[in-house]
Amino acid sequence: MISSFVGVLFDGFAYGMLLFLLSVGLSVTLGMMNFVNLAHCSFAMLGGYVTVTLMDRLGWPFLATLPVAFLAAAGASAALERVLFRPLYRASDLDQCLLTIGVVFVSVAGAAYLYGTVQQPVQLPGYLRRAVTLGSFRFPVYRLFLIGAALAVTVVLVAALECTRFGARVRAAVDNQRMARGLGIDVDGVFAVTFALGSGLAGLGGALAIEMVGLDPSFAFAYLIYVIIVVSVGGLASIGGSFAAAALLGISDMAGKYYVPQLGAFLIYLVMVGLLMWRPAGLFGRR
Amino acid sequence: MNTPGPASSSILATVGLQKSFGSLAAAREVSVAIPPGVRYALIGPNGAGKTTLINLMTGMLRPDAGRIFLGGEDITSVPPAERVKRGLARTFQINTLFPRLTALEAVTLAVCERQGHASTWWRSLPAYRDAIDEAYAILGSLALGADCYRLTRTLAYGQQRLLEIALALATRPKVLLLDEPAAGVPRGQSPALFGAIAGLSRDITVLFIEHDMDVVFRFASRIIVMVGGRVLVEGTPQEIAADARVREVYLGQTRHA
Amino acid sequence: MATVSLEAVGGAHGYLRAQTRWRRSEIAFWLATLLPFLLFPAYLQLASQIAITALFAVSLDLILGYAGIVSLGHAAFFGLGAYTAGLFSKFGWGEPLSGLILASALAGVVGYAASFVIAHFRHLALIMITLGMGLLLQEAANSASELTGGVDGLQGVRMRPLFELFPFDLWGRTAYTYSLAALFLTFLVARRLTHSPFGLSLRGIRENAVRMPALGAPSRTRVRQVYTIAAAMAGMAGALLAQTTLTVSLEVLSFQRSADVLVILILGGAGRLYGGVLGAIIYMVARDQFSGINPQYWYFWIGLLLIAVVLFLPNGILAGLDRAAARFRRRSP
Amino acid sequence: MLTTRIALTLAAMLFGVSPALAQPTVKIGLIMPYSGQFADTAAQMDNAIKLYLKQNGDTVAGKKIEIIRKDTGGVAPDVAKRLAQELIVRDQVDILAGFVLTPNALAAADVSAESKKFMVVMNAATAIITTKSPYMVRTSATVPQLTETFGTWARKNGIKQVYTMVSDYGPGHDAEQGFQRGFKDAGGEVVGSVRFPVANPDFSAFVQRARDVNPAAIFIFVPGGVQPAAIGKALAERGIDAKTTKVLGMGELTEDEARKSMGDASIGIITVYHYDHNHDSVANREFVKAFNEANAGRNPNIYSVGGYDGMRLIYEALKKTGGKTEGDALVAAAKGMKWESPRGPIAIDPETRDVVQTVYIRRVEKVGGQLVNVEFDRIENVKDPFKSRMAR
């Protein structure tokens, strides 16, 4: 009884952390920069394909591919930001929505063209496939690894945004562009870097997600709903909020599926709707 | 409720209004009674709780305690839109307009809302000739007639301030609450704007927030001074000018305002 | 721009009347909707589905373009209409018109119930709540597979001929006539609605929801009313699809359908009624043509189309055309 | 392209010329989800269709075969039906084929029935589909054909209790029902069951439920794609070892990509399917070799074999009718047809127009360092039990 409860809690938390890793970048681009970036999961997909390519075709070890996945997604998004997104920062939400959906379509077609529509399996190194036994319970190492990665990302991100000069510039530029320009901050540059950071995180999340949820060209659409749910429930622009929301959604989803499987498909949406009715601005939202 | 109301002679009154945001008390025991037809100014340093008081009166904020009366009726729990229908209108310190409606459309909208036509979806707008005439007349009275076909967002700033007032007037208020009507208007132009306000029918009771003391003393017949969420004093301009407490809080602040 | 003149007041009336007058381009457009009968007889099925999608997009435009309510769950009402019409016929009543009206009414009733929730929220919370409610309804339909047929779809939907005279044929002549007529009549209603004081009030809510109560406007009531109307129209679109294709599946309730119609509306231009219609035509014709040429990668070209529209015709194709026309007029007085 | 089509349509109207009549062709309209979530199934089927055309030429019974491909974008019966109608009125196709997904096949069935066109379902596996049009033939399998047979087999092979886990949608329900029926009728006991949402990224909660019951065996059905690997890993994580608890599934569970992703955790999983590329026969070896060559080493799967056999059926039927394309003639020619497919000997049941075939039981084993679905049992001449019951 207790052990299954611990199991559900652990699995749910790990699943939540997976959602968090996929969506934290969006709470940067959508939340902080106020850019409706529906192409977020396209960058995650890019990260995934980078990892698959490096592992499968070049034989790189899994862990070594992760920074490359981050950098590739960040680089690609920086290029796109320059060409497509920057002129749209002041456009209506609806136009941003249409543009980024267009990018998703193109990215999905590109992935299908280059890699085919087939699932891209990755074979993780043995040490990540094991499970640690503690008393009567097994903790799969990969789930521990995901939790660790999520915690690390949270700490680094919060520290970077709260305690560094760069973070101060980002917050200034996001809060009031004109004033930030007046203070001599290179707003365009800050936005470009912030956008690249958000997308890079998506790329990292995508690379980490393959083991759990697989990878094919429909990835860019399939997980879009989940990441938006996490960001909206957490509250825009709040890293901590996304973390809490992801953990809450993951655990309640898992607990629901375990204890009331008849409600399995409903639960994550019920929780979302309920939380948003209670706190329309999200758990940690300000607006 | 048997709470005794204020003197029935007042058109708008509050009794013991309280409101705090966290640890900040924005209104403490605010009791005012405004008789009909009077031009009231509400002054006080920044953060004194002036806008909060207007928000409480109009129902955009809910008081923690206290009551609000309009024409002798308790409206404390009446929703904002209903208060407007009963004759309590306001303008906003920061333009709160309809950027992509023309001035004529915006005021016609306000007139239709008042007349109760705005839930009619089967008749075309031009069929409401009276409403359009009235809207046009209001705009004309505020010197906006020539520009009434322009989208609000393309109007000059001063015109937008006037449109704020036009919208409030279209609701045919008994009491009009103006939150810094001249905010952002170049100093030289605010007398003209207040001239328009002074020209309003004496049936409309006006309460306005304003920082420019010249304007206040020129257009107000009575003045309420708020400090730190409290009403410090209320009286005629002469009384206020002579009041030692007002001078104490206020001296040196007027110039910066 | 108008200058002050002696008939300035008459000018105000004239100005507002000019806004509601039928333009020549509108009349030409509706006449052109008859062209497929002559020019593209083999495309009438597609034309019928375009008309249905256009109706669905117009219903979304009423809430999004006019009242500023962004919904990612509008397919809920489309699906309700489709299932109602489908089930109605499955259980023996195959007369199309009555089914259409019933389906529309039921979607409207559900829309009215939902509107009590909808009217309390705005921004992202509203989008996500509509999304959540839509997904919940879809899951519910999947669970109730005894009734809905689940993923396999509702089986046994049969339609009697329209007016007992015109059977739904393989070419889609009846289907297109029927869908087009429904679109046109509903469009007339929507057009009148947007030109009414109610429509003006909705635009007020879209432009500034905070100001409306300060004008004495019961915004939430208005939002509830338009949401109900939009739901009924979406239900009608769904019912048309069910009746003209004799198929209803879970997909009618899907997020994909909600998202598609949103894309279509934004593409055409929100807040101008014709935007939804134009968006439906362009999106679906483009999709038909691209996927005919390249069934595997057609959406690459759709993606490029969307990107190009945003970059070169911001606020939708219709807004872009309007601006171009204005520029043209200014240049050649 | 658009202008060409308009011109053609106009020409057709004005002069009464149909481009289709210009030369003796047989047009086949393929309706499949080339894009979206199910794109890979369509791709695999299409690869096999292309291969068949390459191997057998594009002329049969003196007529040129022309293929027109239409994308449904996923589950979209309204689109599928419209495409079927358009293929017939606009493109004047003679045969409708493809059909990966049940709802799309059901919707197009109406069109086939109304227009009396021959229709070949190459995958969609819900039993009732073929009852919807008398001009329809199926070359894949039906869900009960596989699962009911599997249930019976499981009981006969010493499994007394089973826990079933299926995706909560039509095919999942069919699989659950079929397996439980076969298993119970043979005297087995179902100790529990659970259905999981169709879009379910993490299965650990459901696997935990199964583990709580500690059943002797678990039967699993999930759609192909991402989920087989995900559930396989969840089983391994929760410590369900195929060596102690028997894991039974439909063939999707141990597809190539799923096995690769699961790794050694897949060893011992027992599956039922009508085809696997490891099937040992001359016909299959040739098929796999040619398929590998044409598709950069990728192996064919059930979708491929369904498409391949579907094309063969069309070719053979056309030969029999001498190129006549009327639905009646083609369906008559198809009934009772028998041939050696890469999956083994198959026949078209003249009553149900479904495939009668051998159902194979396989187990994942490590052979020469590779994880392979090893065939270790077979049940021959299996008809669709659902329709056999209906007939009774």
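Descriptive notes on the structure:
Note that the chains are named A, B, C and D in the order they appear, and that numbering of residues resets to 1 at the start of each chain.
Heads up, the rule we're going with is that contacts are C-beta pairs under 8 Å (C-beta built on N, C-alpha and C of every residue); 3 or more make two chains touch, one makes a residue touch a chain.
Predicted, not measured: the structure shown is a model, and the values here were computed from it.
The minimal number of chain-to-chain contact steps leading from chain A to chain C is 1. The chain occupying the central position, as judged from C-alpha centroids, is C.
With respect to chain B, maximal separation of chain centres occurs for D (centres as means of Cα atoms). Averaged C-alpha coordinates put the centre of chain C at 37 Å from the centre of chain D.
Rounded to whole angstrom units, the spacing between the C-alpha centres of chain B and chain C is 41.
The mean-CA centres of chain A and chain B are about 47 angstrom from one another, to the nearest whole unit.
Chain B and chain D have centres, each the mean of its CA atoms, that are 72 Å apart. Residues of chain A in contact with at least two other chains: 112, 265.
Those residues of chain C in touch with two or more other chains are numbered 139, 142-143, 296-297, 299. Pairs of chains meeting the touch criterion are A-C, A-D, B-C, C-D. Contact residues of chain C toward chain A in the complex are 70, 117, 120-125, 127-129, 131-133, 135-136, 139-140, 142-143, 255, 259, 262-263, 266-267, 270, 296-297, 299-300, 302-307, 309-311, 314-315. Partner chain A is touched in their complex by these residues of chain D: 35-37, 39-40, 42-43, 168, 194-202, 204-206, 208-209, 212, 225-227, 229-230, 233, 236-239, 257-258, 260-261, 263, 265, 298.
Taken in their complex, chain A has these residues touching chain D: 4, 7-8, 11-12, 15, 18, 112, 116-123, 129, 131, 138, 140, 143, 211-214, 216-218, 222, 226, 253-255, 257-258, 261, 264-265.
Interface residues of chain D facing chain C in the complex, by the touch rule stated above, are 1-2, 6, 9-10, 13, 32, 34-35, 39, 43, 69-71, 73-82, 85-86, 88-90, 102-103, 106-107, 110-111, 114-115, 126, 128, 168-171, 173, 197-198. Across the interface of their complex, chain B is touched by residues 1-4, 8-9, 12-13, 15-17, 19-20, 192-193, 195-201, 203-204, 207-208, 210-219, 221-222, 225, 229 of chain C.
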